Each structure stands twice: as C-alpha cells, then as structure tokens.
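Residue numbering begins at 1 within each chain, and the chains themselves are lettered A, B, C, D, E, F, G, H, I and J in the order written.
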Amino acid sequence: MDKIEMHHTLMAARARQKMNWDDLGEAVGRSPVWVASVCYGMNSAPPDIAQGLANALGLEDEALIEALKAYPTKTWDGAVPQDPLIYRLYEVVGVYGPTLKDVIQEKFGDGIMSAIDFSMDVEREEDPRGDRVKITMNGKFLPYKSW
Amino acid sequence: MDKIEMHHTLMAARARQKMNWDDLGEAVGRSPVWVASVCYGMNSAPPDIAQGLANALGLEDEALIEALKAYPTKTWDGAVPQDPLIYRLYEVVGVYGPTLKDVIQEKFGDGIMSAIDFSMDVEREEDPRGDRVKITMNGKFLPYKSW
Amino acid sequence: MDKIEMHHTLMAARARQKMNWDDLGEAVGRSPVWVASVCYGMNSAPPDIAQGLANALGLEDEALIEALKAYPTKTWDGAVPQDPLIYRLYEVVGVYGPTLKDVIQEKFGDGIMSAIDFSMDVEREEDPRGDRVKITMNGKFLPYKSW
Amino acid sequence: MDKIEMHHTLMAARARQKMNWDDLGEAVGRSPVWVASVCYGMNSAPPDIAQGLANALGLEDEALIEALKAYPTKTWDGAVPQDPLIYRLYEVVGVYGPTLKDVIQEKFGDGIMSAIDFSMDVEREEDPRGDRVKITMNGKFLPYKSW
Amino acid sequence: MDKIEMHHTLMAARARQKMNWDDLGEAVGRSPVWVASVCYGMNSAPPDIAQGLANALGLEDEALIEALKAYPTKTWDGAVPQDPLIYRLYEVVGVYGPTLKDVIQEKFGDGIMSAIDFSMDVEREEDPRGDRVKITMNGKFLPYKSW
Amino acid sequence: MDKIEMHHTLMAARARQKMNWDDLGEAVGRSPVWVASVCYGMNSAPPDIAQGLANALGLEDEALIEALKAYPTKTWDGAVPQDPLIYRLYEVVGVYGPTLKDVIQEKFGDGIMSAIDFSMDVEREEDPRGDRVKITMNGKFLPYKSW
Amino acid sequence: MDKIEMHHTLMAARARQKMNWDDLGEAVGRSPVWVASVCYGMNSAPPDIAQGLANALGLEDEALIEALKAYPTKTWDGAVPQDPLIYRLYEVVGVYGPTLKDVIQEKFGDGIMSAIDFSMDVEREEDPRGDRVKITMNGKFLPYKSW
Amino acid sequence: MDKIEMHHTLMAARARQKMNWDDLGEAVGRSPVWVASVCYGMNSAPPDIAQGLANALGLEDEALIEALKAYPTKTWDGAVPQDPLIYRLYEVVGVYGPTLKDVIQEKFGDGIMSAIDFSMDVEREEDPRGDRVKITMNGKFLPYKSW
Amino acid sequence: MDKIEMHHTLMAARARQKMNWDDLGEAVGRSPVWVASVCYGMNSAPPDIAQGLANALGLEDEALIEALKAYPTKTWDGAVPQDPLIYRLYEVVGVYGPTLKDVIQEKFGDGIMSAIDFSMDVEREEDPRGDRVKITMNGKFLPYKSW
Amino acid sequence: MDKIEMHHTLMAARARQKMNWDDLGEAVGRSPVWVASVCYGMNSAPPDIAQGLANALGLEDEALIEALKAYPTKTWDGAVPQDPLIYRLYEVVGVYGPTLKDVIQEKFGDGIMSAIDFSMDVEREEDPRGDRVKITMNGKFLPYKSW
C-alpha cells in the first residue's frame, strides 16, 4: 500500500468514524497538525503511533500500518501552488521572506530555522469582526559554522 | 526615490544609528516585523509612521517619506526561493500545505486565511538543546460565499 | 465520488434535462455563474443547495450530494491558459493589471479586491454591431494594515 | 521618449498637479481606466487625446505627445503575476475560467469575448460591512466561423 | 464521446474510406483546412456539417455527431512546439513577430488580426527547384478603441 | 554598431523621412515585409541592398551599413509572446499546428515547410464588415529522406 | 498500432532475433542510425523498407507495417535532457552553438544546416587510451534569401 | 578583462586583420573550431596559444592574454536555443537522442561519449544540389563502472 | 520487465529477506551505494552481479535478471528536487558550485570531475552532539584539451 | 560594498599576492573550501577571520571587512546549472538522489543530512590512470520528529 492509497483509506475511515483531527490527535497523544500530516503521507509515524491511528480508526490492516511507518518521499505539485488557501501561504513567503530573514538573523546570527526539527500548530482565535486563523511555526535555529 | 533606493537608504541609516528592528518598532509603536517589511519596501507606511521612521533614523528627506508612504508593487525573484532560510519556509508550505488546508477548513469551513488582513511575529525561544525560532501568523478567516 | 466524476455526472444530467445555467440558478435561488462554478467543482455547495441541485437534475445519489458539499482543492492547467476565451481574460489581467491596481488603490487606499468574498455575473448586451459580453466582478476591498 | 519614460513623466506631473484618474478622464472626455492604461503605456492615444492629456498635466513636450500616440508593444512580467492585487485577478481567471467559458458559450454560441473591442470600468460600492470593488468588463462577442 | 475519441474514430474512418481532406472538404462544402481542424477537435461543426461529415465517412453514430458539434476547449502541448513542421511555424512567429506587428499596424492603425474571425488555406505551389507550401491566413482587423 | 542600435537609427530616420515600409521596399526593389525584418535586425542585407537602404533613408554611415550586412543571431523574448497581435499568431500555431501538419503532409509526404527558404507577404483586404489582414507564407517543402 | 507500441514490438523482436543495428541496416540497405531512428518512431519508412524491416525481424503484421510507414509527430521529454549520454550532446550544443554558427556562416554565408535534408553516422574509433565515439552530421546548407 | 570584453576585442581585431577562422587556426597550429570556441570565451587557451593568438591579431595586451588563459564558466541563454542554426542542432539532439544512445551503447556498452575529452570539426562538402555542412564530433567513450 | 517493475520487485524481496544495503553489497562484493543505485534502476549490473543479486534475494526470474542488466535511461522528476533530503544536496550544489569549481580547477587545471568514472560512499560518523552523515564522491578528473 | 564587489576585490588581490586557496585557508586556520565560499560571497566570516583574510591579502579596507562579515543572501543562476563542472554535481544529485535517500535513511531513520551544520572538503587523489577528485561532504543528521 503506497502513501496515496493509505491517505484515501484513512480519510474514508475518518469520515465513517466522524473523527476530526483533534479527536485523532488526542487518540494518539500527538498534535492534530502532525497527525494530519502523517495521514496526508508527508510524515512517517513511529510504530506505536501507527498502531494507535489504525486502532482509533478501526482499521486493523497490517499493510496500512506499514504504509504509516514508511519514510515518505515528500513532493508537491508545481513551483507555485494554486489552491487559494495554500497560495496565500506561498504569498506570505514571497512578500515577507526577506523581512523574516533579516529579523531572524538579527536575533540569532547567520543561520536558518530548521524545517525538520520543526513543529506547527493551528488555532482559531475568536474575533467579533471575524474569527482569525493563528498558525505557529516552531523550528530549531541552525547556525552556519566555519570549518 | 523608489522602494529600492529607499531600502538602501534606510538600511545604511539603521547601521549608522545602530538601531535594530526592535528599537525601530518601539520608536514608532509598531511590530518589528511589520516595520522591517516597510523598510524592505513590501508595505506602505501611514503618514505619521513614515515621519516617525524618518525621525528615528535621523533622515529628514521628503522624498524618503514619500517613498515610505507609496503603495508598493510586491514582487519577488523566481517561483522557488533559493536562500536557505527562505527556502525552508517555502518547503513548509509545500510539505504542509494540504495538511494546513484540511485542518483550517475543518475548524472554520470552506475558506482561506487572509494574507492581507494579516500580521506576523517572530520570537526567540530559549532551549538548552539549541534556541528555537517561533513564527506566528495571524490572518482573518475569509469564508467562500454563494451568490 | 471526486469532483471530476461529479462534474461529468452533472453535465450529462443537465444535457438530459435540457436545463441551462439560468434554469439551474433559478431552481436553487442562486446566480447561474456561481452554480456553474459549483458544477465545475470550483466551489462547495451548502447542504440545501447541494440537495436542490440534485433534485433539479433528477439525481438522488448521496455520493453526488457529498461531492457537491466537499471543499474543493482549486487547481488549473498551466500558468498561461490556452483556450482562446480564457486566454483573453488572462491577457486582460496582463495588459490592465497595473492600471487596475492604480485605479483601485487611488479609490480605496493600499489593499486588494478579495477573490474570496467575491461574486461575478455574466450578461448579454445587445448591440446592432454585434452583441457584447458583460462580466461584472464584485469583491470586498481588503486594506493592508499595520500591526 | 519610450513608453517607460513617458509613464514616469506623466506620473510625476499627475502628482504635481494633484489630478487623480477621474480628473484626468474628465479632462479628455474618456474613462479613467482607459486614460490610466494609456499613461501606463498599454494603449495608444488618438492625437487629440494625447494633446489633451499633455495640456491637462501642463506638459507641452512634443516627444511626450509622440510617445502617447505610439502603438505600444504590450508585455508584462512573468506568467504568474505576484503583486497580491493583480494575483487575485489571475486567480479569478484560473478558478472561474472554465465556468465563464461555459456560461458565455451557452449564451452566445462557440466564440470568445474580445479583449480588443473591449472596455472596462471600476467602481466603489459602499457597503456597511466594508466597501466593495466592482469591475465591469465589456467585450464584443466574436463567433468562430466555418470557412 | 470526447474530442480525442472522436478524432481517432474519424481518422480511422477516413483511412478506411480513403478520403483525403480535399474530398472531405468537398463533401460538406467547406475548406479542407477547416474540416481537418474540426476532425482534430479544434473547431465545432454546425449541425448540418456534423451530419454531413458523419455521412461522408459512413458513420451514423449520434454520440459522434454530438462530439463534432461540441464547443472545444482548445489546448496544446507545451509552450514551445517540438515537431519540426510545427516548430518552423513557431519560429516564423518568433523571428517575424515584431516585423508583422509593425507592417500590419502601419497599414491598419493600432489593433490586431483576429484569430477567431479567421480562415486559413494551404496550397501546393509547383516549382522546378522543389515544390513550395503556401499558407494563407486571413483575419479581420480589430482596432483598439478608446472608451 | 549592433543590431539594436541599427534598428533605432533606422526607425528614427524612417520617421524623419516619412517613408513607410512600402516606400522603403520599393526603394530597394524588395518586399516591404523582408525590408522591415532587415530593419528589425532579423535578416542580413546583401551589400547593395544595405547601401540602398542607407541611401533611401539619407544615412551614409559605414558602421550602419556593416550592421545591416551582419548575419544576425535571431532571438526573441520568452516562449509565449505577450503582445496581442503576436500572441494571436502564436495561438494560430497552437490551435492549427496539428491540422497544418496533417494537411501539408497529406499533400506533400513526410517533411516540413522551410522557414529559411521562405518568404512572407501582408496585404489589406477591403471588406464592408471590416477590412481584413491577409498574411501569405511561402516556404520550400523539404522532404525527410532515408540514408 | 501507434509508434510506441511499434517501438516495443520491434525492440522485442530484435532481441529475439539477436540482430543489432548494423544487421538491421544491412538487411534493408540503409544506415544503422537511420534504421534505429525509424524503430524509435522518429522517422517514417518508405513502404519497401517497412516491409523489409518486418521481414528481417520475422514480423508479418500489417498494422506494424502501417505504423512504420506513418509520418511521426516528433516530440521529446523536457527542454533539457537528463540521461547523461543525451545531456552531453545538449551540452555540446550549448557550449559550441555560437562557435558553430560563426564557423559555418563564415564558410557558407548567412543560413543554416538543415536538420531535415540531413544524415548522421556513428563510428567506433579505436584508441589505446580508450576508444572514441565519432558522430558525423551531414546537412544541406540552406541560405537565407531576400524576397 | 572578462571573457565578454575579450570576445569583442578579438572579433574586432579579426575583422581589421581580415583573418578568418582557418587563418587563425593555422597561425597557432590548432583546429579553427577550437580556436573559435576560445575566442567565444568557451575554452581556455594554454599560455603559448594565448600569446600566439594575440600575436596573430596584432594585440599585445597582457590583460587580453590573461583573459584567453582564464578558465571559463560556460553558460548559455535559455534551455531551448532560438537562433535557427543553433536550434536545428538542438532539434537533432531531441529527435535523435534516444537513437544515438542506443546505437552508441550497442557498440560500446553502458556509458557515454565525453563532451570534455572531445573535439569537433566543420567541413564544407560540395554538392551540385547544394553544398552540405559536415560536422564531426569525436569524444572518448567513458564506461559506467561498478564499485 | 522495465526498471520500475524491477525496482518494486527488488524492494519487496529485500523487505521479505530483511536484507539491508550493506548485506546486499556484501553478497555481491560491491559497495552498498552502487548496489542501491542498480536496484533503483539508475545503473546496469554486469551479468554475474545481476545473477548474484537475484540469488541473494531469492528471485530466480530471468526477466528480472535481464532488467538488472539493461542499460538505463536516467531521468528524474523536475529541475529542482522537492524531497528535503535530496533538496539539501541540490542546495549544496547551488551554494557551493562556483566554490568547488574554483578549488578543483586550481588544484587540477581547466577540466571537470567525471560523474561517469565515478564512485560514491555513505558513512555514519558518530558524534555526541548528533551523528553525522559523511558522503564521499570520487570521480576521475577530465582535463579540457585543445585540438 | 556588496558581496559581488567584495568577490572581485578579493580575487584580484589573491592573484596579485599569488595565494592559492590552501595558502589562504592556512593563513586564517580554516579549510580552503570554506574560505573560498566566503570569498565567493556564499558564507559570512566571523570578525577575526574577516580581519585575517584582509590582512593575508594586504587589504585594509573597512568596507571590505564589513562585506566579509555580512550575512549573505544565497542565490544562484537558474534551476539547472550549465557549467560542465557544476552540472556534473547536479547530475549526481539527480541520478543518485533517491539512492542516497534510501541508504542514509536506512542507516539513520527518517530525516535528512543538514546543509547548514555542514562541511565539505576537496582532495586530489593520485592515480596512474588519471588523478581523481575526491569530495567529502559532512552534515549533521537531523531526524524528523513527531509533536
């Protein structure tokens, strides 16, 4: 079972079980964003979590558990994303990229924020003028070194 | 004076005055990230802020203030960024884009996070295993409507 | 049922029922352009409209109704469209983009026209020298804010 | 004088004279959007209008008038625009392109909306929940013919 | 039946019937180039022509006739064509594009040659040094207008 | 003097002398389209024609004559042209490319129309419904051979 | 049978019959490079050669012979080839393109080497330091002409 | 002096001295194609050859000799060349690439023809039907090895 | 059996046999990196190694052995890789490419490191602050020659 | 002084002083590859190293030292490099990317080799059949984590 079939199997089970990402995150003791990224085939699950996700969704298929544990090859469609929700994030990187580079490197020195030793969270912030999406990214700072 | 010349003038003054983004943000009562984006020519400053930035940096040039107030045309180089710090943000959008879309739309319904009614913050999180960069994005949720 | 199969099912039923977009719009009390965008899989329908569309077309398939309600991932082929009708719209954006930016921002200040809080209409304007297509776009103005 | 120098000369004069696009349109009896497109070098002005624009802006330069009358070569940067205001229009073409094609061709038969025999208007629509931008495009329908 | 299946059906029938494009053009009273473009799925046929083409090729399939009448979405592979015959035409547009623009606009004023109100013909010109291909394009001139 | 400077020199002289392409073609006994392509730097002129063009335009500059005779490196901007007049020609190649390939190869066998042993003409065809542009391309047929 | 299926059929037969390109070239009295290009679907075979190839490979399938005779649409994957053997040829064109243009046009005048009236040969040149590949290209010179 | 200035200096001197590539090749005892590639900045000359080229062209500039000896960074414009002479070579690589791969690897085993340990020659072949360009490429075969 | 099917067959057998790349390398007396590249279809195996790999994995399929011996056409997805592990290698080439060119050519003269007469090794280097990946590339230096 | 001017200043001084990368590395106690990357503007130097490099090259310019210390924006030309030495490295990433991913992840688990906490070395390996280039890359392994 490859990551694409795994994804469809999990999404169908999630709909059947009426579990949202918060439920699924809680069931395995992990963040809902990370759990979603696993179910989208973009992260591998450690064995106990793979088992836990299968249990929570009522799926006892060994091939599915193997697929959850497999190390993914991460790819995406095209250089510029098209779906408006994803494009807005790309636009933020384009518009604010040099700003973020300068602010981060002023605070930390020459280096980068890791996208591997990294976590991310999404919250709903209530606001009478319209609720707001709050995305928090948290990555280890990695300094460039001389050698 | 166009945004590029404005940017170089501001960066040189900032170096001369030894003001970092926090200082400059404080001087005009705005977030350091937003102030940096203005100085990178990616946002326009309201008149009082434009004046305040010029004052803080000891620059009393009318053309500079006009440049700060001008509405920018926002562009960036290429579809795929190359600087490693900015690329990692692009990679996050590629790897986690569909995950974020699903998590946000599950929480809010069909719609997007605005990149216009939007703010962003960068913090340093101390950690004995290596300090961490924390980026917070906050954008209004905009629902798709039928008509 | 994914959005592509949904689209083919709806188009076939529409042909069988000899209903045009005006008829279908009227049947569910929505604009024909928006209804068409739903049937092309580019917008999601609220539950009652999804049901209404299925009824109007004589399709009582639950999977179809789910597909109508599903939040779409919006994508299109290529960066430059090729079909002449669609290319002409792209050309209008290329030729008049900076003009529209200037005229809108002069009228409203620094910001954009939303493509999410947005509606669109198409009319036929009779003209003895050849009838004319009139497209009206209507989007909320979103101002950039400082923070 | 090429179209780029012409553009900068006109924009500087417009700022000096504090004339907005409505003023300039009124001065020559044309739509502000079309006048702006001429000043952005994307359309040529007939001789009397070229003279009228120069007069209205207090510019009596023969080379400028020649530049206004010159037939432009229309080009733009990149296949996918980046400025958020212009990108949203591009996104509308991507998301609604096939919808518009179907709705227009159902109303008119096989053919296109001309982008040459074409006009466009921008209005501000007041709305207590936030004012709205209204863009109207009006192009002659051109049917495909057999031969 | 989509345009691709329609194309293969027609080409197979054409081979069986040993009809060339001249024969088929004559059978329906249209130019062989236009008839070929219909059979390649790049133009729609009016009902009587669609019927005529089906008759001429001995195909009495209603779905085929519907496919011939359907309004096509015109697309092609890639930005730069590769087949040498088609590339040479692309090269002509690249090499002579600005020349043609200048010559046409000198003769007609600012505007374009329509590719919609358009016809095209191919002839064989005998020449002792090697026969020559003569392609004639004929499109309505569309002037840009002020508004 | 390179081809770009040569082009600007020739265009300015042409304007001063009020000579159109027909006049210039007649002056040197060549087609106006070919003469224009030479002045746009896309073809080289034989020595006598180079001299004739310089004479006709009242330019007796040796460097200019050398530039006219120089063999050009033919390039153009981008894979997809943007100016509407040139784009329409590109669109014709895209839409009708496979049609032309089939019609030509049916008439001539496997091979191509040369773009080198090639000529082109532009005529104005009067028409009460709007005058028409007629472009004629004439290229030697080159058959593929076995070896 | 399309060119792809034809290719696989021929390659399988060639392996079964243990015939290399030299054998196959000899069998039909043609160059092994040209025969290989036919079997790769990049050239059409005259009827007698098509028959000869089928005979030599013990394939008496009429559809195969038709596929060998069919005029190919020549396309390839991507603008920059990736296989190292083919990339080296592309690199030669990139590195030596302007050099070849200058050397050829100095010898022949303004014009090109035809890729249609063209043949090619591959030889093995023994060399104690490592054998060498010798590729010979031979194309008719086509001069640009004035008209 | 960089390679671009070096190139222009050499080309001007070559024109002044009326030396063609054959003359220049003879003057330094090297192939005219290789000498041209050096003068186009695509290969470095050993010290004695650099001195010899300067002598032959009557240029005694130390900076020029250094530029001739400098190791070049080899780049070219775009992925797909546009000048027709160079494009035809690119087309040959596209059309015959897989054919050449198969013929070479059948003769030599798995490996490539080097583009570094490589030479190339251009000859004029007289032919009553039109003279022909003969290009010979000669590169060391490099086998892939296991390790 | 093509290289893709071969790859899947080998990977499944490897999982069944619980053999890692070191085991498989040892089994055939070759480097694990090279063996992996063969199993990924990017290198051909000599007959005895192909047999050895099949034996080691308990696969006695003649078609598989033929597939292992076949000379591959090496291609990859896209110009810029997306998987983070592979992208980091691409980034190293982008960031350090000109540095490596200068350091290598200073040491060796004008030329390149072969990617054909080439081997590569991966080692795990223990480090208390986090283990390190050590990749060693070893390629023959190929000097450019004059001719 | 920007990184480009800094680079040219350093290269000129290096030539004047006849210091190679080994000399310069030794002068500041760092690897020659890292020192070269600093001089190419792709890494920033800590203050003492910046001073040391300036001293070693006899350059006492404060602006130069600031430029050496500045945090670079790392970019490179194009997605696919063209210089043959750099292209071969790109080819290695394309051909062996998935192989390296598998071998590394088998040894270390799901994660990547850092290109930031990274060093690189180049050595000359003598070999009677032709000396060899040995490149060693050494990067910290970064495991993906769940959160």
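We take it that a contact is a pair of C-beta atoms (placed from the backbone, for glycine too) under 8 Å apart; a residue touches a chain by one contact, two chains touch by 3 or more.
If you want to know which protein each chain is, UniProt gives these names: A, B, C, D, E, F, G, H, I, J = Cyanate hydratase.
Being a predicted model, the structure only gives us computed values, none of them experimental.
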item: Far-end chain from subunit A (Cyanate hydratase), centres as C-alpha averages; value: F
item: Inter-centroid spacing, subunit G (Cyanate hydratase) versus subunit D (Cyanate hydratase) (mean Cα positions, whole Å); value: 51
item: Averaged-CA centre spacing for the pair subunit C (Cyanate hydratase) and subunit B (Cyanate hydratase), given as whole angstrom; value: 32
item: Subunit B (Cyanate hydratase) and subunit F (Cyanate hydratase), separation of their C-alpha mean positions in angstrom; value: 49
item: Contacts with 2+ other chains: residues of subunit E (Cyanate hydratase); value: 73-74, 76, 79-80, 82-84, 91, 94-95, 98, 101, 105, 111-112, 114-116, 120, 142
item: Every chain pair in contact, whichever chains are involved; value: A-B, A-C, A-D, A-I, A-J, B-C, B-D, B-I, B-J, C-D, C-E, C-F, D-E, D-F, E-F, E-G, E-H, F-G, F-H, G-H, G-I, G-J, H-I, H-J, I-J
item: Subunit H (Cyanate hydratase)-facing residues of subunit E (Cyanate hydratase), complex; value: 80, 82, 84, 87, 91, 94-95
item: Partner subunit B (Cyanate hydratase), residues of subunit A (Cyanate hydratase) touching it in the complex; value: 20-21, 32-33, 36-37, 40, 42, 74, 76, 79-81, 83-86, 88-108, 111-115, 118, 120, 122, 124-125, 127, 129-142
item: In the complex, subunit C (Cyanate hydratase) residues that touch subunit A (Cyanate hydratase); value: 73-76, 79, 115-116
item: Touching residues (chain side subunit B (Cyanate hydratase), partner subunit C (Cyanate hydratase)) in the complex; value: 30-31, 34, 38, 43-46, 49, 71, 73, 98, 101, 105, 109-112, 114, 116-117, 119-120, 142-147
item: Residues on subunit C (Cyanate hydratase) engaged by subunit E (Cyanate hydratase) in the complex (per definition of touch); value: 77, 80, 82-84
